[in-house]
Amino acid sequence: MNLRASLAPLAFLLACTRAPSSNETVLTFSGSALGAEGTLVARQLKRFMQLNPGIRVELQRTPDDASQRHQLYVQWLNARVGNPSILQLDVVWTPEFAAAGWVLPLDKYGPEKSKFFPATITANTWAGQLYALPWFADVGLLYRRTDLVPNEPSSLEEIVADARREMARGGGPRYGIVFQGARYEGLITGFVEYLGAFGARIIDDSGNVVVNRPEAVRALEFMRDELYDSKVAPLEVLTWHEEEARFAFQNGNAVFMRNWPYPVAAMSDTAQSPVAGKFAVSPIPKSATAPNGHSTAALGGAQLAINAYTDHPAAAYKLIAYLTAPEQMLERAQAVGQYPTRFGLYTDPRLASAISIPMESARRAIESATPRPVTPIYTELSEILQIELHRALVRQAEPRDALDAAAAKINALIERTGMRKLMRARVAPPPQPPDTNGHGE
Amino acid sequence: MRKISRLGSEARLGWTLVAPALAVIALIAIFPLGWTFWESLHLHELRMPWLGKPFIGVANYVEIAKDPRFWAALGHTAFFTVVSISLELLIGLFLALAMNRVFRGRGFVRAAVLVPWAIPTVVAALLWRFIFESQGGIVNALMIKAGFLDQPMVWFIEASTAWVPVILADVWKTTPFVALLLLAGLQNIDLSLYEAAAVDGANAWWQLRHITLPLLKPAILVTLIFRTLDGFRVFDLIYVLTGGGPGTSTEPVALYTFNALLQNLRFGYGSALSVVIFVITFALAMLYVRGLGVRLGGDES
Amino acid sequence: MKTVRTGSTRWGGWVFAGALILLMVFTLFPFYWAIVASFTSDAALFRDPSLWPQHLILDHYRALFIDRDFITPIRNSLIVAGTTTLFCLVVGTLAAYALARLEFRGKAPIMAFILAVTMFPQISIVSPLYLLLRSLHLIDTYPGLIMPYMTFAMPLTVWVLTGSIRQIPRDLEEAAHVDGASRRQSFTKILLPLAVPSLATTGILTFIYCWNEFLFALSFTLGPERQTVPVAIALFRGQYQVPWGEILAAAVIATAPVAAMVLVFQRRIVQGLTAGAVKG
């Protein structure tokens, strides 16, 4: 057993069993201890402790799997447990936790809101207050085989055409495009991108449900046609999560893939990846047939929030401010390739070598990113939508009917929970076009 | 019979001996069960604490009765339970009879048979997912080789075919459990009965129907009860294999309850769902007891 | 050791053997495949899964013990499962004896009550159980797992043992009583040895139940010092990544103690009644 492994549990045990001495503040940080990320977190926490002698931070291992982590958080916060002091929230949890009173509003600590991408701040704002700091961003991206499709496609229709062409070629890949189509949250993230491409949304700025408008129906029809009409997407995708899609592309069986940034590292490894050096990443384009369509990406990532039951909120804020400071974000990009949420870093040359797609592409993607509806009832809303979308995609229902059913149920949900007023009061700004800092394309 | 001991002291001894078991249960289970009942009578939405926690009586239960997704989930659960149990009883009985016989390699069979049950459910579910994957799954590969299929079938996107891996995985995993329970019952059957029947010229089939099965009734009862309980609470297996999909076609009640409680944070409604599951399983258990003619409190002949 | 030989003809014997072999293949195939896969790299698994090992690697097993310290969860699981099984057998046997051999009112309600606690879905009781254990300061401790496990494993023990003991004829105990033995002596010297097969069976079932239990273990432990094998395996997962090779390697390793235990106990399971003692 190596030294670190034996020290960590010991340290944690000490943290659990000893009451903190009167001049020492103990914080617990919810995180993983796995691999490169674990090493990075330990390193950053250690530096923080050196800079803040009166504060000790212990790592409390929580599952990386979002669903399991959510379950544990709910259990602990419902019991008003103050540990972990800092929570790692998935991007759609912030309004839920804020409404439940489980995380503290941060505005009084003066966070630098204007330095982060607007979409990430919107996603973490509820009832006019900021409840979590964006830690790193995940965005949906289009992966393509550069040996088959050298140029970045400018529209969804072009993707389908390219895919068909390559699939028809003798010896071409068996799939055109692969994505996450199983009945889970990943399906919504993909759907949001098709929605944006056709100029549609789930909920508009006034809190109205617009997911059954004609543009949205067209988006869903387009998805379905990829499966049954042009057949560029295999039926299997309807059972796939991120990893299955990744392996399909990595093993050279697909022309295009929609996925988060995480596969880039593994797929660039020549030892295990047949497509190393033969792929490129770009933002997902809009549809050429929709007048209001725009290129967009689903916004994912993690945020850091303060447990409302902690005894040391001020110290906790110091820690999350530290972890979301530019230097730490850059270090994280270099160590594990996760995208910073501060747009200022995207002109820093050190970032270029850290993330394996061009900085410009990354910045464009995050800037055009769409948060999913920012509401405490998001999980229920998402579930309704997942079910109806999946029904349409397995041809148990027509897209129009499925989306009408979804809209009706979502409206009923909003009425039942009295969310309408709250959703109207808080307007979510639409995705901004590329920023005017001289590097726009 | 024991004519000597007075009823009083026997009762006292009886209660003393069951006391530890009851104490453990009372200490650990009473509070959670009571809490769940209590919660089911309130509106408790964790995401909206400003609504408070008002007492709403049976309103949650009324909502359940009107909820089509609940009834669908109940149907799925019943279907899954019935099919799985039937298969498990059949195969389990065969296995139990087999493990009861003398033959070479018996020790190996007994150990091997328990392996599926020793694997964590989540891992078993992942294994069976792999086996039924469309591209590269072994089942498709074998079926294509044998000529049953032209091209790989995507098992998980049709409700009817999605049940196949689910039920197979459950049968694979829990038949050992059933086999062991039935074996425990087989052990207690008096061998002289078989010898007497053999002497009278009865063949194996007759012995099975008239000696083994009737005397196995208590063991079958225990098996039915516990497997029904497990069937109605099935969660991990389906969560990993299909996630309740396609759509919600394979969603069991426990998964629906999980969504209500821990995803949507509707503690009142979720607790009411739990109580409903409890009532149904309890009713089923009592039905088995009646149906099999086993008296809980006394001896059977 | 007597077992039944129920009128086997040669033809019946072949059918029996054939069915058994088929069953063995069905039972062991996924496990065989898991072993093969645990020695294969993840990428190769998705690319071209095959029945015969192609290119074997030890990486997953190495990662398991070096990077992830898999010994600790195994230790925890052994302690929790072993203790729970022991307590269940002791407490359960006492209760089963009372329910099977003694006459007193309330037996049926007791059995129904013991059973009732297992009728709630685990998910429903996790939250209140957590609240309760926390108030008793039992979170992240061994008793904090053993006690809930006992509560939900004991019904099986009680029900199976009650049924088994009822089926053991009273003749021997009565004979002993006539000879002047006390109740305790007839229990320990006569009944208990006869009940050993059932005890072994329920012991194994309880042990495996505790070994595989996930939800309570996840919810009532906080850190690696007390987490059990299923929880450790679940924590291998990244946010999107599922490290197949390591998960399967862990499953293979985790199955080994159980398989070993079964091999040791399997002789006990099928010890039958000795014919001589029953007759007469």
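Each chain gets a letter, A, B and C, in the order it is written, and its residues are counted from 1.
Going forward, contacts are C-beta pairs under 8 Å (C-beta built on N, C-alpha and C of every residue); 3 or more make two chains touch, one makes a residue touch a chain.
The structure presented is a predicted model; accordingly, all values stated were derived computationally and were not measured.
The largest tally of C-beta contacts between two chains is found for B-C. The chain with its Cα centroid farthest from the Cα centroid of chain B is A. Chain B and chain C have centres, each the mean of its CA atoms, that are 15 Å apart.
Chain A and chain C, compared by their mean Cα positions, are separated by 40 Å.
Here the CA centre of chain A is 38 Å from the CA centre of chain B. Multi-chain contact residues of chain B (touching two or more other chains) are listed as 262, 267. Multi-chain contact residues of chain A (touching two or more other chains) are listed as 71, 74, 78, 248. Shown for chain C are the residues in touch with two or more other chains, namely 46-47, 127, 131, 234, 242.
Residues of chain A touching chain C in their complex: 1-2, 5, 8-9, 12-13, 16, 32, 34-35, 60-61, 63-66, 68, 71-72, 74-75, 78-79, 81, 241-244, 247-248, 250-251, 260, 262, 272-273. Interface residues of chain A, counted against chain B in their complex, comprise 67, 70-71, 74, 78, 96, 99-101, 182-184, 234-236, 238-239, 248, 253, 376-377, 379-380, 383, 387, 390-391, 394, 396, 417-418.
Residues 45-49, 51, 133-135, 154, 156-158, 243-248, 259, 262-265, 267 of chain B are the ones touching chain A in the complex. On chain C, the positions that touch chain A within their shared complex are 41-43, 46-47, 66-67, 69, 71-72, 126-127, 130-131, 134, 140, 218-219, 222-225, 234-242. Across the complex, chain C is touched by residues 2, 7, 10-11, 13-18, 20-22, 24-25, 27-29, 31-33, 35-36, 91, 94-95, 97-102, 107, 109-124, 126-128, 130-131, 136-138, 172, 176-177, 180-181, 183-185, 187-192, 194, 198, 203-204, 207-208, 215, 218-219, 221-222, 225-226, 229, 232-233, 235-236, 253-254, 257-258, 261-262, 267, 270-271, 273-274, 277-278, 281-282, 285-286, 295-300 of chain B.
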